[in-house]
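Paired with chain B in one complex and with chain C in the other, chain A is shared by the two complexes that follow.
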Partner chain A sequence: MTDNGVMLGVRGLTKHFNISNAWFSKPLLLHAVDDLNFDLRRGQTLGVVGESGSGKSTLARLLLKLIPATAGTVTYKGRDILPLKERQSGEIRRDMQMIFQDPYASLDPRVRVGDAIAEPLREHRLFKTQKEVKEHVARMLERVGLQREMVTRFPHEFSGGQHQRINIARALAMNPRLIICDEAVSALDVSVQAQVLNLFAQLKEEFNLTYVFISHDLSVVKFVSDEIIVMYLGEVMEHASSRQLFERTAHPYTRALISAIPNPDPTVRKQRILLEGDIPGAVNLPKGCRFQSRCFMAREDCRDAHPELRELEPGHFVRCHYAQPGIGEA
Partner chain B sequence: MNQKTFFQAFRRNKLGMAGLVIVLLIIAIGLAAPLLAKYPKGYGRNIEAPPSQANWMGTDNLGLDVMSEIVWGARTSVYVSAMAVLCAAAIGVPLGLVSGYFKGRVGGFIDSVIEIFMTMPMMPLMIVIAAIAGSSVTNVGIVIGILSWPSLARVTRNATLRTSEMPFIEVSRSLGVSKPKILFKHILLNIIGPVMVNLTLVMATAVLSESGLSFLGLGDPNTWSWGLILKKAWDSGALLKTPNPVWWWLWPSVAITLYVVSFNILGNAINDTLNPKTR
Partner chain C sequence: MPDILRFDNFRLDLQDDEGRRYNLLDDISFTLPEGKALGIVGESGCGKSITSLAVMRLLPAAARVTGGSVSLKGMDLMSKTPKEMGDIRGRDVAMVFQDPMTCLNPVLTIGLQIGEAIRRHNPQMAEPELKAATLELLHKVGIPNPEKRMKNYPHQFSGGMRQRTMIAMAIACSPALLIADEATTALDVTIQAQVLDLMVRLKEGGSLMFITHNLGIVAEVCDEVTVMYAGQIVEAGTVEEVFLHPAHPYTKGLLLALPTLRSKGNTLYNIPGVVPTVRNFTPGCRYAPRCDYKLPVCSERKPARCVLNDRHHAACYLYEEVMA
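Coming up: the complex of A and B.
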């Protein structure tokens, strides 16, 4: 390994979808992800936050090569994985696992739970005999808090939280190094969310895992992440360690997201920053800052000059002309 | 799902079991025809005789036993429909799966081919091909199969398009499950319902088309089929006669209806059994 602990390196990763239906017309580009850069070290958890439409899920699919990238590189253990053919991707398919947003639809309704978990093990020939496969499947089910007898059941016999546990067991069975969670808990009840998040934390210790944790919920991301990327319309708005992001918030968008986290203490009165309107479409992007239309501190030049990502303080990147630590604090 | 549990679940579906029993019975009759009845040919003594001890389903205008004709007709119907379904499934299902899963140029091209074939009128084409290829029972079966694959491919394609958008397909891809396995296991398992129902329709069409071709004199004139019995009844004017030799045209009609309906029920029952929610 040629790295200094870097497991996943992303450089200039870009995905534009052509959403024009016509054959010969000029392509109509949707900027899902634009020029994304980050390094993820072994054993770390990277949180990615943003509203729906900010390009989070596209990022997850790009990292796993489920959709082709428009530009950029993704290196895993120092090797660029994007040009690899599917046949050459065995290691990536084993080492990088994804937990998807919809726990129900992530399982084939017509395949028994045990077969669903065993299928990739057989595909990659991770065990020599069927008996070993079965034993491994049962062990994984038990590890995520289910019973080994459940292998013969069908997915519809389980609750949402159990579904996600089965999905986790399936990912875990591959003995992965990196798990990408795309809104893995957002479809679950809050109490179940906490259980599944704790399970993620335990498994991280036990199996020495690295996570990319994607969510629209900043409080969830805060709970698990070492480093956080805040995305808006396909661009990184702020990228910092979890502590820096919360204690030295520099971007107005991050400030607004943080102010939206409910505080259980009723005596604490907080200034809420309400963003007006929805996230604009990522097709006809404004010339200047992509966030200016909803920014509470936008000025004249935000409309014309597109801000670059700059390093405000060591390890703390922000894309805003007027960013400063502790911005917008009451 | 393994086979043992499939049949355990299937047995609980009473209507489906009835359909299966009738279908198996007709197939058994078709296969065992030489043991069950003498091949009806020549002339008999009693013309258009009503059902009796000697002729349980009566006789036709040549005095031949209608039940023997039905038994030998079952053989033809089973053979023709099996031939047709095999041909249609062998072409239609893989093409539908591939065109539905690979949405880009490959899928678009196959879809255009399906559309071109769908615009072709089936009966005239069948007549032309049957006339050129010669009217043997095998040719009739193959012709029907080749001409009915487009609708099967279309149904398969549409179901595949819907299913391939499901997250669990993307999960399978992220786990490195091979494309053939995704296509022929996960997608096929989830679309088997509409495909089976459509296959039973091909069965029905095959029997009906064979009757139609027999009716037009393009069937195999030397092989008894339910269509041929009906054609002879129609040609002799038996349907409009009074007193009416009901037994002559009623039993082949019942046979055709029973065969088609049983296959439909069977298709639905298989669909219900494969869908864990309706078990």
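Coming up: the complex of A and C.
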């Protein structure tokens, strides 16, 4: 194999949106994703965290070719997929599936659940006969913990957790290699979230799946991921193995995110790092570090010099002039 | 310490279009001592929000109160006239809701809406005083540039700033009790941390009631906690007692199902099934169908409230012998 186990290779991936609304004015660029690089190996889970507006969902859409990239390449099994025409993308469309946040909005209320799952199978002509399609759909429903009799039901007859299971069944039916989950458990209650997270873990084992898991919830991301990318205003702030990121946190933003998570253990009364203000808009970005306006460690030169992503220790990348493992720990 | 809020065997039914009645809140009793923060936790559909709406007397049209009482500062709320309730809301109790965008009027400025909240209970206040009070509130909730910001419309505010505005309106007349119903759920974690910090700081001598599904928030900001499941209180006590020694299987399950920064391994405990809808509540303990420790008696009779110690009680047959 030429891809040495790398499923998804991303190099210099960039997406700028022009949001100026006048015809002849200078383009006003929103930097949704800037110069993103990572390799995702088969069977691994990459977690992507960040607040709203950090570019997480844009990344998901770029990987799936739902929107064109401004620059950069995405290789899938060693093949550059971004220049491919829609006609040539069939295999990739099958192999890469996505699960969205809103379990209700991602199913057509007037289409029976069985048909919703069967539609992509028919579109890609994965089976010869209708009978085979039906059998496959029923098997998939059972696999995600629903009953095969449910194929004739409509979405409104299901709860939120069941909706998300149907969405998983639909993605799984295509026999994908890579699943991109964009806030896939965020709308679920705690007990149902645990059920769905366990299902993801089982399916990963069973079908040797690779996941890109996008979420704003660091504890969920830690639970599922092997590697984690922390994004802020379109840039990677820290990129490390799940363990390094939590045990040897290096970036002040990551530290603040971790400290902001409400801890259900009342004996831990930790010192919280409160970030000032909101995440600014990704237009008219500052010259220096994008995080400096909210950073509790910002110094004079953070305003002028834009930090590059540097390798702090093997496999641990950070974009900060002053980062060091174990930063800001009490 | 006197109780600011007291629920006594409060029962509430929901009536559907055909006139059928379903019991939602089943003998809800709890107290909130003055100056304390109480968390009410449970998943969606457990009756947390309807409990808080009962305090505001903002119950949906389908709700029928069938027994018990709710008293705020010793006043029986269920016997108040709508006009009397209007005077109580804002002055004695105020509420911050989950979605600040649907609570703010998009065509009125922020300053005007806050001013309105102040004026409701201070009708004689003159214009310059009103403006000064509005500015002070905006300043208090940490909105930068209040002078300029009060002329803005809600859409010019970010989610965190809108929630700060809602808090400013809620504390405008210094209510004795502030209810926050999933008030930080829609916010990013860093903004949530700011807003929680703000609410705790503004509490001062007042009392807080936090309605949330987030156990972490309760552990960090509340003194006491009441756990609800399908319209019944399953466990209550001080935060330390309930979180460190959870007694009811539902509370245990909720705590175990939560991925935390400390979770190890790759499987989370999960409670089988989902919270039933009000039409499908079962007799006896409503958690019984999902419970790992279910006994035959559980689906026949509702378990009594078992006192585990003076700071902790749970409604579960597992603790009946403790009582005996």
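Just so we're on the same page, the second predicted complex is superposed on the first by the 329 of 330 C-alpha atoms of A that agree within 3 Å, B and C clash if a C-alpha of one lies under 4 Å from a C-alpha of the other, contacts with A are read in each partner's own complex, and residues count from 1 in each chain.
By our rule, a residue touches a chain if its C-beta (ideal position, glycine included) is under 8 Å from a C-beta of that chain, and two chains touch if they have at least 3 such contacts.
Remember, predicted model here, so these are calculated numbers, not experimental data.
Once both complexes are superposed on chain A, the partners chain B and chain C fit side by side without clashing. When the two structures are aligned on the shared chain, A:M174 is found in touch with chain B, with no touch to chain C. In the superposition on chain A, A:A305 makes contact with neither chain B nor chain C. Contacts of A:V220 after superposition: chain C is touched, whereas chain B is not reached. When the shared chain is aligned, chain C comes close enough to touch A:S52, but chain B does not.
Contact with neither chain B nor chain C is seen for A:V283 once the two complexes are overlaid on the shared chain.
Rounded to the nearest 10, the angle at the Cα centre of chain A between the centres of chain B and chain C is 80 degrees. Legend: residue contacts after superposition of the two complexes on their common chain; A:I261 is shown touching chain C, with no touch to chain B.
The overlay of the two complexes leaves chain B and chain C separated by a minimum Cα distance of 15 Å. Within chain A, not a single residue is touched by chain B in the first complex and by chain C in the second.
Listing the residues of chain A that touch chain B in their complex gives 61, 64, 66, 86, 89-90, 93-94, 96-98, 100-102, 105-112, 119-120, 123-124, 154, 156, 167, 170, 174. Those residues of chain C lying in contact with chain A across their complex are 43-44, 144, 158-161, 188-194, 196-197, 213-220, 239-240, 243-244, 253-255, 257-261, 263, 266-272, 274-275. Per the touch definition, chain B reaches chain A in the complex via residues 1, 166-168, 170-179, 181, 186, 189-190, 274-277. Residues 51-52, 159, 161-162, 189-195, 197-198, 201, 216-220, 222-223, 246, 256-267, 272, 274-275, 277-279, 294 of chain A are the ones touching chain C in the complex.
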